Each structure stands twice: as C-alpha cells, then as structure tokens.
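Please go over the structures that come below.
You will see chain A twice below: alongside chain B first, and alongside chain C after that.
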Partner chain A sequence: MLTVGTLSPAALRARLAGPGLRLRTGRFTTCLRGDIPSLAAGIAQLYPDYPLLGEQDFADFHLQLQRPCNGRRWLRPQVDLLYDGRRVFRPLPLAQALPMFEWGLNWCVSSRAHRYLIVHAAVLERGGRALVMPAPPGSGKSTLTAALAGRGGWRLLSDELTLIDLDSGLVVPNPRPVSLKNQSIDVIRAYLPQAVLSPAVQDTQKGTVAHMRAPADSVARADECALPGWIVFPQYVAGAATSIEALPRATTFMELAGNSFNYSILGANGFHAMARLIEQVRGFRFRYSALDEALDALPRLDDFAA
Partner chain B sequence: MKRWTPCPDWMTLLPNLPLLLRALRAPEQLTTLPPAGWDLLLRQAESANLLATLHALLAERGLLDAILPAARAPLAWADVMAQRHRQATYWEIRLIGQVLEGLGLPLLLLKGAAYAAAGLPPAAGRLFSDIDVLVPEQQLPQVEAALMMAGWAGQQHDAYDQRYYREWMHELPPMQHVQRQTLIDVHHTILPRTAAQRPDPRLLRAAARPLAEPAGAAVLAPLDMVLHSATHLFADGEFDKGLRDLWDLHCLLGHFGATEAGFWDELPARARALQLQRFMYYGLRYSVALLGTPVPPATLAALAPDGPALPLRVLMDALFLRALLPHHASCRGRLAPLADFLLYVRGNWLRMPPWRLARHLFHKAFISPKKPRQAVA
Partner chain C sequence: MTLAWRITPGQSLLHRCWDGQVVLYNDASGATHLLDQATLDFLHALRDGSVEPAELADPALQDLLRRLQFLYLVQPC
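Now for the complex of A and B:
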C-alpha cells in the first residue's frame, strides 16, 4: 500500500495543486486540493503514514482550500474551504489553512457518516477495549489523549469523533492528528519530546492551535475495531487531586447522548446503539491535574466500578 | 414498453447527458461503472439533492449489492438522513392535522408532504425542507391563529415582506415551529394572486382525495397533483434544485400514467381548465427529454399547441436544458449562469405584472434590510 510519505514534497504539492491528493483516514477517503504551502507542509508532516490512493479511485469527501479572489488577497490573505465546490464556512486567515482542513474533515464525517453513532469524544484502545472520553472544550481531553497515546500505552482511535458501528456496536478507528490548544501545546511538547507537532497557529476561534501527528501504529491498525469499555468524562482542574467517580448508567447515557452529533438523526437506531453501548461500558467522572497520575489511574478504572 | 421515440432536436441538443441523468434513466447500467465514475456520480447527485433518491432507486431495483462497495457507504448515509426526514414529516403532518381538525378543516397536503403521506414514488429518498398545506382563503386568519397557538410563528419579516406575502402571494409568510424549527407553508392557492394564470383553488379542493391514514388528511387528485408539480417547477425562477422537482414530476407521471384510468387523455383538458397548460407543456417536454418519461404521443400532441411558438421555443429549450441539469461544476457549461439569470427574471416576470415587479425589485434592492451574513465556521 502506497503512503503519503512516499511522495516527494514536489509531487505532493503537485497533487494538491492539481488533481487532488486522495488520502485514506480510517474508513474515509478524502480528495484534498489546495495550492497553499502551509497546507502541503502540514500534510507532509502529519499524514506521511496514511494510505495514498490513485487519481481514479473513489473518494467520500471532496475538499478544496483556496484563496478567495478579493481585495484582501494581498492585505490580509484569507482561505476558503469548499466542499465539492460549495463554500460551507466563512473564510479564515490564510495561516489557518491546515486547521481549517482538520475542522472541515471532522465536519464531513460528523454531518454525513450516518452508518455510525458519532459522539464528540476522544477514544483510545488498550487490550481490545475502548476508552471513550466525551468532554467540552477546555476540559483537557486532547491533552490527556495525546499523553495516553504518546506515553501511556494506549492506541489512538480518534481525538474528536468516536464512531460506533450501528451493526456491530464496535468502535471504528478514525485516527487523525490530535488537536492541541493554547497551553496544552507546550505541556505536550515537554511531556512528549518525540511527538511531531505542526507549527502553532495563533488567533483561531479556539485560540492557538497545533496538531500532533497520530502514532504510526494507530494509523497502521486503522482497520482494527475495539469493544467499548469505559466512558470517562474528564475534567482538568488545576492543582486537584486525581479522583474517579463511578456514574449511574442513566447519567452516562444522557451525557453521552448530549455529546452525540447524530443521535437524533439516527432515530430508533440511535437509541438502540446508545443503549447497547451503555450496556457494555462503565461510566466515570474523572478529575485530574497531573498527567502522570492520570496515566497511572486510567488503566485501573475497573477497580473503581460501582 | 417504450411508447415514445425521441424527437431528433432533443437528441442534438443533449448528445451527452450528464452521468446523473443517465443513472436515473438506466440504473442497471451502474453495475459496471468504474470508481472514478461513482466519484463523479455521487457528487452530481448530492448537489442535486438526489443522493438518497439514487439509493432508493438502486434498492428498488435490487442493485445495491452489485455496485461498487465503496459507493454504498455514502448512499447508505444519505438514506439514513432521508428516513429521518420522512419520519419527521409524518410526525409534523399529524400535529398540523390536529390543529386543522380543531377548525373543522381537512389537512390538504401539497408536494413532498403529500407524496410521503400518500406513499407515492417521488417520496422514496426525498428530503423535505417544509410542509405545504392548502386551505380555503377565507379561513386563512383562523388557520394562522390556530397554528400560532400550537407553536408555529411567522419568521421575522419586515412590513414590506408581510405585505408581499399577504397581498400578492399564494401563501402566508412561512411559519416555523418555535421548538422543532420545522417550517410550514400555508397556501390558499397554487400561484401568486398577481400571476396571469389564476387556477381556481375550489376546483383543486373539490377533487382532492382523502387518505386513509392519517385520518382527516387529503392530497390533490392525480391530475391536479401532476399539474401542481409542473407548475411549481416551471412558474418558479430558481432551478438549483430543478432536477429534483423534475424527478418528482417524472415519478408522478410514470405512476399515475400506469395506474389511473384515463390519466393521459384527461391531462390536457384539466390543464386548460386550471390555466396551467403552458407549465404542463414544459413539464412533459423536459421530463421526456431529460428523464425519458414514457408519455403517449397523443398527450404530447394534444398539449403541443400550448407550447411557445418556434423562436421562443428554441430559446426556452436552450435555457431549461441548461438550468435543469445538476448545478454541479461538471454539468455547468459556460452559458449556464446566463440561463439561470434569464430564468430568474422570467420567474419574477410570471409572478407579477411588470410595473409591480419593478417596484418590488427596487424595494428589495435598496430599501429592505440586508440578510444576516453566513454562519460562522
């Protein structure tokens, strides 16, 4: 299988500027176009291990980043994200081209891939069982995910979108770069010196953003699904002691449903998928401030079950 | 089976039908379509709001297992969305029916909601943006008040928009449910009051057919439903989803033509009785040309005098045969934007007399407040 890393920088740029780079992430193929240097550099840095498809292959999503033709082309250059030729979001500053691609691809999956129950949550696997972590922004979810994947012996399945297959009930990997924000960028640089991070982009809607390359092992094993194991609602509280609180099933259900992108679109199938998931897992609220303690505690979740 | 042979001029106008149209006409040919073809086909279908329709068509013909496996996933995703739309539509129909029942009025459904409630072929894979109902004009105030009591509220329209709808249009300003965000269009007839054609809504209501389920609901009679479908499409000025509407018409024609005795013979006379013969002429002409609808030659001949004279017909062909193709980059020729613009002007022209149109466009351009910008990413 060819990978993106086999393309020379010039060949990668030529594909992006020309017919499009067909890139496979988990179950999805994206055709990405865009003649933008920061995008090409970001793809080369974050996606070298991903399968590369040919120009004649089928793609699920067609994304294009392009600079709009307006007066701001030179003064404050911008970038547009087009979904198969249609503008779906407002333009962003040109420097945010790579984050815009990441957000755009998340939007493609979360607004379309309705053969999965899609939860806004990070998910990692250990011993065949998946740890699902839904949390609002600022709760330290991505920092914890990066640490667990980089040092904790967990396999990254996804940093943003947990996909539950409606037929099998298994978690389907969707390995992509981990989105780090603000202080967590420096935290992870210090905690995981070997991690590959894209250049930090400032002043985005989420503050300063950098993406960490997904571990090669998690990209290589993108076909290996995992059995749902634990639902953990993490919360970073500065200076707090690590604490784990088992949650009743009903609470876990409702909080998980509230974090789902397509629970209501799936109708009865969504309810059944969620119910089956809740039957298989145990739910916890998890407070932490020290990553070492968190990495030590999370593999022992079963000891805290109610 | 084929009762119609193509006229030479259509074949020369459209030597290369877009892939989506070929797929809709002959889905069995898709079993040999290569990956790059599927890549293009699904993009054309999504841009035309016909992705779930394509799924439904393939499922109905038992072809889903025979197509490219990678293409099945996006089709299945679209199917989930369409099923959700249909379920929500059924639910909404029930709630609107309860409101009208309180007023002693039947729930006369139009367009997509009617196809779904009556289980007609265009409903397969169709997405719904709003629910359209037809009520007697003299009952509009009571209907509007009762809907408001049940949670539907007029969206924010300024005084000019209110007047535009209430004095000139065939419907109330669209109402949206405050909790479910669903939209309802309450019509009292099917063309603007200011249009040259004045189809009598009493004729439509008198011929309407009650449905067994849900109780109290009704849909237009087959001939009228077909006429409304053609009118809705060809009296309008915007065609970005025109192919979807043409597909509705194609499915209705095929279904009623095969199941309703006398359908083809009675269509021209009913069209004239409702003053909709020109719209029906266009409907048959382009449904046949683009989708290969099997229309008997006698019906086409009977409506032929209702078409435009030759020079105008050449122009209308040039416009409609561009605007009705998927609005996807792969189907848009150099002249497509011009065709869209001219048809937009035509749509407004049909809607009201020139002096009123001029006033309306002036107001919209210079006096009405601007719409809020696109949502933030």
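Now for the complex of A and C:
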C-alpha cells in the first residue's frame, strides 16, 4: 500500500498544487488541494503513514486551500478553505493554513457523516474497549489523549470525533493528529520527547496551536473498531489530586448527548444509538493534575464502577 | 382549570430507565428529557386512560401538568 510518506517533497507539492492529494483517514478519503508551502510541509510531517489513494479514486470530501487574490495579500496574506469549491469559512492568516485544514476536515466529518453518532470527544482503545472522553476546551482532553497514546499504551482512535456506527454500535477509528493548544504544547514536548509536533502557530482563534502526529500503529489499525467501554468526562485542575467518580447512566446519557454534533439530527435513531452505547459503558467524572497519575488510574476504571 | 388532558399526538414516549432515572425522547421537539420514574409512570397512565378526571383536577398535579405541557408532552383536550 502506498503511503503519503513514499512521495518525495516535490511530488507531494505537485499533487497538492495539481490534481489533489487523496488522503485516507479512517473511513474517509479527502481530496486536498493547495499550493501553500506550510500546508505541504505539515502534511509531510503529520501524515506520512496514511494511505495514499490514486487520482481517480472516490473522495468523500474535496477541500482546497488557496490564497485570496486581493490587495490584502501584499500586506497580510490570508488563506481560504473551499469545500466543494465553495468558501464556507472566513479566511484566516496564511500561517494558519495547516490548522485550517485540520479544523475544516473535522467540520466535514461532523457535519456530513450522519451514518455515525458523532460525539465531540477524544477516544482511545485498550484491550478491545474504547475510552471516550468528551470535554469542553480547556479541560485538558487533548493533553491527556496525547499522553495516553504516546506513553500509556492506548491506541488513538481520535482526538476530536468519536464515531459510533449506527448499525453495529461499535466505535469507528478516525485517527488524525492531536490538536495541542497553548501550555499543553510544551507539556507534551517535555512528556513525550519522541513525539512529532508541527510548528506552533500563534494567534489562532484557539490561541497557539500545534499538532502531534498520530502514532503509526493507530494509523495502521484504522480499520479495527472497538467495543464501547468507558465514558470519562476529564477535567484538569492544577494541583488537584486524581479522583474518579462513577456517574449514573442517565446523567452520562444527558451529558454525552450534549456533546454530540448530530444527536438531534439523527432523531429517534440517535436516541436508540445513544441508549445502546450507554448500556454498554460506565460513566465517570475524572479530575487530574498529574499525567503519570492519570495514566495509572484510567486502566483501572472498572474498579471504580458503582 | 383544564379538566381533560392527553399525551400530545405523535409522542411515542420512547425512553430508557436506569436506577430510578428516566431519559425520554420527545418526538415533537427532538429534545431528550431527564425525568424521574414517577413522572414516566404518570405519562404512561395518561396515555392508557387510567388517570381519573378528578385526579387531573387535583391542584397537586397542576404544576406537573403545566411543565409537561411546556415540553409538548401533554396537552388539554
């Protein structure tokens, strides 16, 4: 199987600038175009292990990043993201081309892939069971996810989008780079010295952002689904002792539904899918401040089930 | 005071119960509500016609009926 990493830098740039790079991430294929050096460098750095499809293969999403052709480009160059040839977001500074691609691809999946119940949550697998971690920004979700995938022995299924197959109820992998923000960038650089991080991009809408390359094993096993195991609502609290609190199923249901992108869109099918998921898992609230303690505690969640 | 109430047409009362708590899908609004077992029992009884008019007129039930009406789960008839 060809991977993105088999392309020379010149060949990668030529595909991006020409017919498009057909990139397979989990169950989705994206045709990505864009003659932007930072985008090509970011793809080469973060996606070398991903399957590379042929120019004629079907793509679920067609994304193009391009520089708007206006007077502003001489002063503060910007980048547009086009979806199916249409601009769906406001332009961003050119330096944010790679984060814009990442956010745009998240938007494609979360707003289009309605054969899945989609939850805004990180998800990892261990022993065949999935750990789903929904959390708002600032809760330390991505930091914890990076640590679990990089050092904790968990397989990364996704940092942002948990996909539940409506037919099987299984968690479907969608391994992509882990989005790190602000202080968490240096935390992970120190905690995982071997991790590959993209250059930090400052002054984005989320602050300073860098992406960590997904482990190669996670990418290689992107076809291996997992049984739902645990729903954990993590919260980083500086200086706090690690604590785990079991949650009632109905509470877990309501909080998880509140973190779903398409629960309401799916209607009664969403309710059935969510109910089946809840009946397969146990829910917990998890507070932590030390990554080592978190990595030690999370494999023992079953000990804390009510 | 309204003396006759019914489940809003189209509501299937799709739900799950765990440990005395109930999640109920609202077919009209698409929302999901967190209820207690007693409220679900009342909705089922109303659907099945087993709540007497005198009970529905009881002031003790009026607040519950108004809240369920606000959620489009019940309506006067």
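The rule is simple: the second predicted complex is superposed on the first by the 306 of 306 C-alpha atoms of A that agree within 3 Å, B and C clash if a C-alpha of one lies under 4 Å from a C-alpha of the other, contacts with A are read in each partner's own complex, and residues count from 1 in each chain.
Note that in this section a contact is a pair of C-beta atoms (placed from the backbone, for glycine too) under 8 Å apart; a residue touches a chain by one contact, two chains touch by 3 or more.
Keep in mind that this is a model prediction, so the values were computed, not measured.
*Asks:* Just checking: does A:Thr251 make contact with chain B only, chain C only, both, or neither of them? Give me first, second, both or neither.
*Replies:* Second partner only.
*Asks:* So, A:Ala195: does it touch chain B (first), chain C (second), both, or neither?
*Replies:* Neither partner.
*Asks:* For the overlaid complexes, name the partner, chain B or chain C, with more touching residues on chain A.
*Replies:* Tallying touched residues of chain A, the top partner is B.
*Asks:* Which partner does A:Ile278 reach: the first (chain B), the second (chain C), both, or neither?
*Replies:* So A:Ile278 only meets chain C here.
*Asks:* According to the stated criteria, A:His114 is in contact with first (chain B), second (chain C), both, or neither; which is it?
*Replies:* In the superposition, A:His114 touches chain B alone.
*Asks:* With the two structures laid over each other on chain A, which partner does A:Asp57 touch: chain B (first), chain C (second), both, or neither?
*Replies:* first
*Asks:* Counting only touches as set out at the top, which of chain B and chain C does A:Phe89 meet: first, second, both, neither?
*Replies:* A:Phe89 contacts chain B only, not chain C.
*Asks:* Mind working out whether A:Leu163 is in touch with chain B, chain C, both or neither, as first, second, both or neither?
*Replies:* Touch partners of A:Leu163: none, neither chain B nor chain C.
*Asks:* Under the stated touch criterion, which partner chain does A:Ala135 make contact with: chain B (first), chain C (second), both, or neither?
*Replies:* neither
*Asks:* Shared contact residues on chain A, chain B side and chain C side combined as an intersection?
*Replies:* 264, 267
*Asks:* Per the contact definition, I'd like the list of chain C residues that touch chain A in the complex.
*Replies:* Interface residues on chain C, with respect to chain A: 12, 14, 16, 18-19, 21-23, 25, 27, 30-32, 34.
*Asks:* Show me the residue ranges of chain A that touch chain B in the complex, using the header's touch definition.
*Replies:* 27, 29, 31, 55-60, 62, 81, 84-87, 89-90, 92, 100, 103, 112-115, 205, 264-267, 269
*Asks:* Show which residues of chain B lie in contact with chain A when the two form their complex.
*Replies:* 34-36, 38-39, 43, 46-47, 68, 70-71, 73-74, 76-77, 80-81, 83-84, 87, 328-329, 373-377
*Asks:* List the residues on chain A that touch chain C in their complex, please.
*Replies:* By the definition above, chain A touches chain C via 248-251, 253-254, 257, 263-264, 267-268, 271, 275, 278-279.
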